[in-house]
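Chain lettering (A, B, C and D) follows the sequence in which the chains are written, and residue indices restart at 1 in each chain.
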Amino acid sequence: MIKIAIIGASGYTGVELSRLLCNHPQVEITAVTSRQYAGVALSEVFPNLRGRTSLICENLTIEELCLRADLFFAAVPHKTAMNIVPQLLAAGKKVIDLSADFRLNSAAVYEEWYQEHSAKEFLSQAVYGLPELYREQIAKTQLLANPGCYPTSIILGMAPLLRAGIIKPQSIIADSKSGTTGAGRGAKVGSLFCEVNDGFKAYGVGRKHRHTPEIEQELGKLANTDFNITFTPHLLPISRGILSTIYADLNCEIEADEVQALYEEMYKDEPFVRVLPLGSAPATQYVRGSNYCDIGFAIDQTTGRIIVMSAIDNVVKGAAGQAVQNMNIMCGFAEQEGLEIVPLFP
Amino acid sequence: MIKIAIIGASGYTGVELSRLLCNHPQVEITAVTSRQYAGVALSEVFPNLRGRTSLICENLTIEELCLRADLFFAAVPHKTAMNIVPQLLAAGKKVIDLSADFRLNSAAVYEEWYQEHSAKEFLSQAVYGLPELYREQIAKTQLLANPGCYPTSIILGMAPLLRAGIIKPQSIIADSKSGTTGAGRGAKVGSLFCEVNDGFKAYGVGRKHRHTPEIEQELGKLANTDFNITFTPHLLPISRGILSTIYADLNCEIEADEVQALYEEMYKDEPFVRVLPLGSAPATQYVRGSNYCDIGFAIDQTTGRIIVMSAIDNVVKGAAGQAVQNMNIMCGFAEQEGLEIVPLFP
Amino acid sequence: MIKIAIIGASGYTGVELSRLLCNHPQVEITAVTSRQYAGVALSEVFPNLRGRTSLICENLTIEELCLRADLFFAAVPHKTAMNIVPQLLAAGKKVIDLSADFRLNSAAVYEEWYQEHSAKEFLSQAVYGLPELYREQIAKTQLLANPGCYPTSIILGMAPLLRAGIIKPQSIIADSKSGTTGAGRGAKVGSLFCEVNDGFKAYGVGRKHRHTPEIEQELGKLANTDFNITFTPHLLPISRGILSTIYADLNCEIEADEVQALYEEMYKDEPFVRVLPLGSAPATQYVRGSNYCDIGFAIDQTTGRIIVMSAIDNVVKGAAGQAVQNMNIMCGFAEQEGLEIVPLFP
Amino acid sequence: MIKIAIIGASGYTGVELSRLLCNHPQVEITAVTSRQYAGVALSEVFPNLRGRTSLICENLTIEELCLRADLFFAAVPHKTAMNIVPQLLAAGKKVIDLSADFRLNSAAVYEEWYQEHSAKEFLSQAVYGLPELYREQIAKTQLLANPGCYPTSIILGMAPLLRAGIIKPQSIIADSKSGTTGAGRGAKVGSLFCEVNDGFKAYGVGRKHRHTPEIEQELGKLANTDFNITFTPHLLPISRGILSTIYADLNCEIEADEVQALYEEMYKDEPFVRVLPLGSAPATQYVRGSNYCDIGFAIDQTTGRIIVMSAIDNVVKGAAGQAVQNMNIMCGFAEQEGLEIVPLFP
């Protein structure tokens, strides 16, 4: 049993961490912080949690927080995270940071896409928390950088192909579609029900979305070479779910069943990746509320392209669920503890 | 550990029973039947279940079924149920019937609203499976009639008021709104996405919906008198959830906090009823995927009316979840076993 | 051809007025105001208007506005309206006020439900803009108070019954459900897509919603007596549409076809009220985008109640469309001018 | 004033043709056919049309139809169309066929993707009804093949680039997302509300969708060379709308404003194509219910790719609206007649 705290509990990632952790047998939540809702019961902010937690949102200093818990989930925006994390680490705490602040290995790249980095010296010790790629490092780290939602779906979808070297890396185009939880719980006109409902659009088109360098960093490692991809995010009129449709040119003749074998081999022991049978396409509604990543693909032999589809619940495998999976690994718990949720369909 | 089977596994109630039971520590699912999908893996019919069950849908005779399991969930339409249930009972099996066939105590009333009843002799031994009212009888019965979705929401909402005798029974008006899972998984034009999406309507208006006598039977018992109510169902463009807004004339002067006390008293030990604090209104999105019934109310002193609001997930507390709750009671398991699901929000 | 201006063009009522008026053959829009978007093209704020208007949002004084147009649509919040309208009237302009400021005949009632009224002296000259009841007065007024969305649906639904005197007024219960445009375009957490999507709830329960006195005022006139009703609004996960389900006790024995005749008689010449055939229920999706009010009913002879259902598009017949209809009457145009829109289904 | 008939009026294309044509000043609808609903009022099948048409669905022979109208909209499935169209042509009627039967120039290609073609001899006289490309031929044809919904969005999006020769044709990848009206009004489990709602998926992945050869045919003509593309359709949980995100490799260095000029030049006189300002992205909700195609793009100079986005309402510009536009051209009416609908937002 460890004591954990959630810093920034009033966003969608925060409520999801609470949903997952309040049932986790090895964990006690000892603090949830929110400046906006300080003094308000968490179950009043999120009435789905009623009867499941008596926690009150608090506005605590880092010093106060350090007295409360051993492991911290930082569910705050980037920039805020880099101001908090170093103090927690200095106090000997384990930190799972759900912001972008420690995901990029290169401070220069970070500063190109975000802003000045005030805690560069920690970048090298942070581990990128994709268990399917970095399980061993995750087990040992004190600072875990929880992956972005889009990157999770794209990297898991492309890893077997890049490792096998059967596609041309620079041909990769990722067309991703995300549910609106991805836009956060901030009160913005663009996130209003009537703006999003019964509609669909792309945004951040043309190398503008900040997940681009994160995706390129990890795909580059898998391919053992640097390259650029095209990534286009879209906003879906659904609450949860990301589907990435990813295109790449094959660099050899290969049959679908051989590719299928690559996927099955890489993910055969993974508890949260489901490789679909050939001919099946994943759908966000079949992973809803769960930590699964469903992957399927098809080969278009006429054009020599492979089309990979990868579906996750962006709030779970794309954020809070993956964070809990990482916590399980970091703390030596069973990796599926607290995450054995069957997707909710319909 | 008991062996259970689901008869009629390919509808929305069927998939939900599978979702709940595949994680239940005391239960082994040994058969799932479906004529339409015989031979098809259940996880192919419902890809959310992929990796969680290797069951194949089968088309089995009652005799074959009896060799497989000790307790049966009948998730088939009314009329079909009454043809199956007697054989299962004769074989000494426990049966949880999710159809309407054994909910009404009176064969005459059944035949007025449905059709001829071919198993009338079992009506008297069936127990109406609302644990909050009939827990002791449920524990002993061999035949459980699982309540309808609308009745569950309305009866739980009105029980404290009728027991206390503070409303005029014949003044009750229940305006209920249900998600589209309530219409089943049959391929009907009226249930198509484009017919339902971004729209709203009433149906079965004017004493036409078959849940009416079921509601009246149970409210009548609570009030110790027979009476008629007005019940209007509506179709919501959501997948899951029922919200019932129920109106009644108070027959005495009473303050809100006294009424609140009545609710809290009746439900204080109930694991799945959450009485909201005064001034709060329940919402379907805060019970989604869970077995909770959330109840709130307001008093309009000007008109002397009370307005009660009751929210459930129609597929869970309104069907499969309540069935599992009843199974737990019938089998002596902890009542919350397999049902400790936190509602999925957002 | 008259010159009109829209004060407060950047809300949902504003964009809808622009949609309807930019095609209106008798009207030239000469100004659209918005403090927030001053200097921005209206078609940039609302890209659906692209290619249909070159208007720029402006921040104008009343004096400047008076130089621009002859008739004004005030689509601003209550309280703001009462500060603007008197000046416009003083300048001899016609005003259609879409706020609540001039809907209530009694300043005392207004002040009980809203706040202090600073332009009480205009209340008596304002005409309540429900053409089906007040067409003649509308034609002559300088100040039109455009009805609220909920009141429009409820009053049109109940008028034939109250005029005929066949129901008990004090028994009326209106259970209304509205699309989320009703919450406006303000950036509030409660209106975010993820808070509303796939959910449903009541709000303002127990005589709290400010449309209550407006409904009671108009129903009272129809019944020739004062009384109180119960009104419960709900929030639907749809963009547009209100369905009101209204209950009342009949005070006599009457058959459905006699009641049907009352509805058909009252509305037989009304261009925007469609009385459905007996046995039909209205749905919001069949009036979407149009100025229609669809009305149906059923009688429950067992309980002696009538259930009336009334569907409108809250942004059209519930706001902008009714405003244009009123303008047509006030200006002597054909009443259907600019409003001959067929509902958009699916 | 011409007499027109709609063959196959009970699908979503049929109801949309009725919506558009019942307001068209040059047209009288004299017959609507439906085997399934023969004898039923069209306004009962589609209650949005109530009060706008008194037409009754009929089951008529071609001979009977020929006595009724001069121009026919065939809104029936492929294969059915090819059996009807020749007779109508032989009778001297104009035909607008909304099926795929006459879109492909090559019978061999048709037979590869669909089935045997029984009216090959008419393929050469059919004109592909994309007015932006074939206005002159449309004006003269007796047989118009109305384009598919996906092809309309993709061809309009790519035409300026292919004509200018600035992209590599074989690099084109079209990732398209369609609302569920695209799946038709047939009662299929896969189109049920609860299967589609709050979810998203691809289908027909890997050169399987039948619109592929239609797209390739038209893009090939624009590029003056044959080539294959990759096309992936997806199912959106919305009623109306297609957004295509289309990727292509630039074959030269070019700045965004030069490309913008290409789009503006090609579409400057087109009434239904709106080229968005640089930096804007189209959205399906801004073309809802209208005949517009909104187009935007971005250039990713790092990868040398252009990303084009094209939004239409699949039921309007992707089907019924384009059919009416074509009728207007074929009959010498003003091209915008009956189509001056402002998109419905929100």
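Basically, a contact is a pair of C-beta atoms (placed from the backbone, for glycine too) under 8 Å apart; a residue touches a chain by one contact, two chains touch by 3 or more.
Chain identities (UniProt): A, B, C, D = N-acetyl-gamma-glutamyl-phosphate reductase.
Every value quoted in this text rests on a predicted model; they were computed, and no experiment measured them.
Q: Going by the stated contact rule, which chains contact subunit A and subunit C alike?
A: Correct list: B, D.
Q: Out of B-D, A-D or A-B, which pair touches the same way A-C does, with over half the contact pairs the same?
A: B-D
Q: Using mean C-alpha positions as chain centres, tell me how far subunit B is from subunit C in Å, no decimals.
A: About 38 Å, centre to centre.
Q: Using Cα averages as centroids, what's the distance between subunit B and subunit D in whole Å?
A: It comes to 45 Å between the two C-alpha centres.
Q: What's the distance between the Cα centroids of subunit C and subunit D, rounded to whole Å?
A: So the centroids are 36 Å from each other.
Q: Can you pull out the residues of subunit B that are in contact with at least two other chains?
A: Subunit B, residues with two or more chain partners: 12, 181, 194-195, 197-198, 237-240, 283, 285-286, 288, 346.
Q: Which stretch or stretches of subunit A touch subunit D in the complex?
A: It is residues 170, 173, 175, 177, 194-195, 197-203, 205-208, 228-230, 232, 234, 236-241, 243, 245, 247, 281-286, 288, 296, 298-303, 305, 307, 309, 311, 346 of subunit A that touch subunit D.
Q: Would you mind writing out the residues of subunit B in touch with subunit A in their complex?
A: Per the stated touch rule, the residues are 12, 15, 19, 22-23, 46-52, 181, 197-198, 239-240, 274, 276, 280, 283, 285-290, 292, 294, 315, 340, 342-346.
Q: Name, in rising order, each residue of subunit C that touches subunit A in their complex.
A: So the residues of subunit C touching subunit A come out as 12, 179-181, 185, 187-189, 191-198, 237-239.
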